[in-house]
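Two complexes, one shared chain (chain A), two partners (chain B, chain C).
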Partner chain A sequence: MQTKRTIFSNRVLPYVLLAPQLAITLIFFIWPAFQAFRQSFLREDPFGMKTTFVWFSNYTRLFENADYLNALWVTLIFAVSVTALSMSLSLLFAVCVNRVLRSGRFYTTLLVWPYAVAPAAAGLLWWFMFNPSIGILPYGLRYFGYDWNYRLHEGDAMVLIVVASAWKQISYNFLFFVAGLQSVPQSVIEAAAIDGAGPFKRFWTVIFPLLSPTTFFLAVINITYALFDTFPIVDSTTSGGPSQSTNTLVYKVYADGFVGLNLGPSAAQSVVLMLIVVALTVVQFRWIENKVQY
Partner chain B sequence: MFKKLSLAAAAVALSASTSFAATEVTWWHAMGGELGKKLEQIVQKFNDSQSDYHVTPVFKGTYPETLTSAIAAFRAGQQPAIVQVFEVGTGTMMAAKGAIYPVYKLMADEGEPWDPSKFIAPVVGYYSDPEGNILSFPFNSSTPILYYNKDVFKKAGLDPDVAPKTYAELADFSKKIVSSGAAKCGFTITYAATWIGLENFSAIHDLPYGTLQNGFGGPAAEFTFNGPTQVRLWDDLKKWQDTGYFQYGGPGGGPDSAPKFYSQECAIYMGSSGSRAGVIANAKNFQVGFSTLPYYDDVTKDPKNSIIGGATLWTLNGQKPEVYKGVAKFFTYLSQPEVQADWHQFSGYLPITNASYDLGKSQGYYEKNAGSDVGIKQITRGTPSDNSKGVRFGNFTQIRDVVDQQFETVLSGKQTAKQALDAAVKEGNAMLREFEAANSN
Partner chain C sequence: MVENRPYLNFLTHLILIIGAATVVFPVYLAFIASTHGASDFMSGLVPMLPGDQLASNFSQLLNVGNSVAGAPPFALMLANSLLMAILIAVGKIAISIISAFAIVYFRFPLRLVAFWIIFLTLMLPVEVRILPTYKVVADLGMLNSYPGLVIPLIASATATFLFRQFFLTIPEELMEAARVDGAGAMKFFRDILLPLSRTNIAALFIILFIYGWNQYLWPMLITTDPQYYTAVMGIKRLASVLDGDTQWNLVMAGVILATLPPVLVIIVMQRLFVKGLVETEK
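Let's turn to the complex of A and B:
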């Protein structure tokens, strides 16, 4: 049996080779995480002139705080919706493009464009389109008798940030799905066709299971994206409103810590967020990965 | 050859360092766009006027971003000499005693002229400690005023030279505007829940926003802005929203408010006097009128002064002595009536000193530019009471967010105005206690 193990004859070399990566991890990941952890036990004025050690008070207050529990709930709805919407749409697009022989490249180029847009710019773009006073979409919706106003209606605000965030992520998912689809062996599909399986049956019993590594990978990426990278979209469209209905965990960390200058509670929030991500990763790799066939 | 070159380089470096011996004074500010260009022009004139000091303005983004980066820089020991802080951050800065160099002390230490009585009263009151010493240098102060669309007023059969004085008139005018189809909405407000709709509203009606003279008396203050008149306004705004008289422009500064006014969707707009230049530039197809903020005439017959917004310049500790000399010289330069009047007339911010206001008068500026003195007249009317001196609370940025959120629950019908204001007071008080605890031991 072939192992992945490489044997170094030099004892120091492996450590030297590892050192840059370790240094980067230490400086940019472990050290800030440690700082956040330390800060979460402190109460401090913004300038850091007076610091008090307050044990777990920042944490206990967090879970007594209705706003924080609301943010947890909002984040759950948001992350699940963004992941489901962007993955299902991009799978649909990928399947469509995969069937088009000649113009596939053209569609691929078009579909990849949104990925080049910075999240803040994407947020502004959707802000313009959905703006109740100057936007084109509310204008159209009013024609159908729907009063779209994300400044007032909580549902509208959630739809706005979900659509804007999912739209940003579709390109990325799409590329991976196309690549995944193209690596499905043609012979397997033909065999299924000869056995009399229709296109839907072929997709769900042959192609989709073969895509499971891609799907799993994308699920991990998309959830992380929804949890962290959507901050600029929330910031530039709804700023967490109306009445906190789109205040996600990562936005709340920013609003409390960087705008409100309330460092201790904000640090406690980021530690909790970190734990959530660790837990999610463990769940994903422990249990879900078992169901993935490579 | 190499030796010669390096010698030449050293000579160049030497001569360069002598010609740039001017002491560097860094100023972090939040003035983007046209205002930023004007600010740089003002600094340039100072730099050209002498050779001992060189002020370098650095644009740091929005007000909260500027404050945050200054604080982060302070913690890292890399702070600028001067930082522009918005009025909401005043409580935070005042509590940071070890971090700031009060301007009155700076000017006294450096022997620069400094006379608080030269500044207009609301500014002195807002930025002074309980002993009456001004702690930060007033630079750009504004106050909310009412802008209206004269063309829409005409279309609605209203007199284009008469603005609504009271809330009763505001509702009445809005009704005529909406029912005649002259515009889709009567009025919109920036900072609808906070600066204009609650803080200035309370001041104008001489109602306390909090205990201990709205927080001026110390950090132990508690909020009291859930009184019957404030409840009444929020109830009315909800009612007027449902009838289409009022449109909400979003939380904080209400990013959708100004577009609603520019696109002529709303006929009346309450916003900062500092937006004057922007409003005129954007009101391309219609005439703009200016007036004071409305009030309930059955609550007060004699509305008080409005309160200020905008920002001041704070000096931070930890610089070399010669830098502070430069800061003091620069502040003296900024106090000059010509510099102040120029900035005020360009931007729409208030004239900070009486002399700069008088200069504008003698230049005939206010006659030539109708409505440009509405703000200053409104903020200086009557004698400021404990309720109209301003508001000063710690954690105020976060507290304003809470007020915004509660206001939104009223507009969406989830809570009554009374419930929302009670909740905002309760949550706000908890944040005040947190601030007090973090700054007391």
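Let's turn to the complex of A and C:
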């Protein structure tokens, strides 16, 4: 790994400088992760009197558990919907902002601030709009003969958390798409225009392929966001219901472990989640290496 | 633009106006709700225009809180949030910049190991190790305390990487010149590296301040004493009363108050924020 050509020669100082970061990492990250790993192979009786080593039993039970399989499925639908909805809207807005020259900054300001809204607040904002008794959207939907109620209809609850999560993520995707669009060379676009390609054809055959690194990067980031950062949205709106239709993996770890105090199975769920994060991180860093090469 | 197409220009503005309106609308509605009295929601439909209860709603929430929901005065929660966000941002920057300095400007045994341990924190967000982390904090006696709210969150791989990347772009000659002039490691760090990192520190501060302010799960886990509640977790408490009794005006006033500070930071420092965001995450 890279250092400077000339370096300071002090034997103790670098360790002192690293000590705070390493201490916090070891105490609050590595050690708890190790504990979760260890616990996932143990089973404790309800009174905490006796602990037995059960090999992979917690894991096999997990993947035989209908609730867990349901949570996997729910998380998959949720993550794909949030990513697709948020990224397509952001790309549309970014392309538009990139077209208007003078008012671009004005629209950008209007579009970026949701980045700062806490996920819990975003959840409550949409929860208010979607509330069956006083919300404005159910009121509108009743005109079309649809009885909206996220507390009863599983599909409605999923739509609520997808919309709230996608809304919050639009600003992030938008900024990266704008940055990506600005790095597309103007000469390539002009060349395509001279060859007779109209704006839509230029977008799909020239600009969109050149954006693919940004798109791929954002897809990974959005999936990570949908999997892990949306816990407050679920917790502040549906709490996993109705009948577990919005019980995502992260929410389930919390509900089983912290509320239900089911140590072994909850630890096994944590380990599965860690493996997912590791996989996503590796994919993300591969992307960065590829980007650096050209 | 390559060519001028009035029809397409019109469509572009139309999409942006509809888009911006959709993005702003939920907050507009929340603001409207926070200006009405509790009884205005009985009719079953949210009012669309501002009411006259703005001052009384906000002053009740800030000074008294909501006794029905068991929430303390909101001013206290805002102060806690501010303290927590600033301490997290400063803490993350402080420990990351010295770690990056050690990794770039020194060669020592176990340097790679240290780098990888820091890197691992990326893979272990709070959400995936809730219970054991809670247990560690409980064993250290840090439940219901400011150190408990802050310290477990201030390790930062991304900030360390950002500073490392930046230090690697600083010309070698600067350090050689400093050494010729007889400056030691810490003097070089204080008088040359820190001033050069100013913009990076400011951009990072914005991102990390928002990160700290918006923490939800962690404060919810480790605080049971209302004295340590933060604004973002507090609004959930305002909202979680039996549905019939929800005081929409107060809940939405809470949402506005908890949202306003970070949003203002972004709007006022938009350029620095965009720079910080695009550079931290690459």
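Please note the rule applied: the second predicted complex is superposed on the first by the 238 of 294 C-alpha atoms of A that agree within 3 Å, B and C clash if a C-alpha of one lies under 4 Å from a C-alpha of the other, contacts with A are read in each partner's own complex, and residues count from 1 in each chain.
Basically, a contact is a pair of C-beta atoms (placed from the backbone, for glycine too) under 8 Å apart; a residue touches a chain by one contact, two chains touch by 3 or more.
Bear in mind the structure is a predicted one, so any value in this text is a computation, not a measurement.
> Give one of first, second, both or neither to describe whether A:Ser133 is in contact with chain B, with chain C, with both, or with none.
both
> Once the shared chain is lined up, is A:Leu125 touching chain B (first), chain C (second), both, or neither of them?
A:Leu125 sits against chain C, while chain B stays out of touch.
> Mind telling me which of the two, chain B or chain C, contacts the most residues of chain A?
C
> What is the contact status of A:Phe208 with respect to chain B (first) and chain C (second): first, second, both, or neither?
neither
> Applying the document's definition of touch, where does A:Val117 land relative to chain B and chain C: first, second, both, or neither?
Touch partner of A:Val117: chain C, not chain B.
> Check the residue A:Gly241 against both partner chains and state whether it touches chain B (first), chain C (second), both, or neither.
first
> Give one of first, second, both or neither to describe whether A:Phe29 is in contact with chain B, with chain C, with both, or with none.
Only chain C; A:Phe29 stays clear of chain B.
> So chain A touches chain B in one structure and chain C in the other; where do those two contact lists coincide?
133-134, 258
> Hey, which residues of chain A end up touching chain C in the complex?
It comes out as residues 1-8, 10-11, 13-15, 17-18, 20-22, 24-33, 35-36, 39, 89, 92-93, 96-97, 99-101, 103, 107-121, 124-129, 133-136, 139, 167, 170-172, 175-176, 179, 189-190, 193, 199, 202, 221, 228, 231-232, 235-236, 250, 253-254, 257-258, 263, 266-267, 270, 273-274, 277-278, 281, 288.
> Contact residues on chain B for chain A in the complex?
Touch list, chain B to chain A: 64, 67-68, 71, 74-75, 92, 95-99, 247-252, 256, 259-260, 263, 265, 395, 397-398, 401, 404-406, 408-409, 411-412, 414, 434, 437-439, 441.
> In their complex, what parts of chain A are in touch with chain B?
Residue positions touching the partner: 43-50, 52, 131-134, 151-154, 239, 241-244, 255-256, 258-262, 264.
> Can you tell me which positions in chain C touch chain A when the two form their complex?
Per the touch definition, chain C meets chain A at residues 1-3, 5, 8-9, 12-13, 15-16, 19-20, 23-24, 26-27, 29-30, 33, 41, 44-46, 94-96, 98-99, 101-108, 111-112, 114-115, 117-118, 120-125, 127-137, 151-152, 154-156, 160, 168, 172, 175-176, 179, 184-186, 188, 210, 213-214, 216-217, 221, 232-233, 235-236, 239, 243, 248, 251-252, 255, 258-259, 262-263, 265-267, 270, 273-274, 277-278, 281-282.
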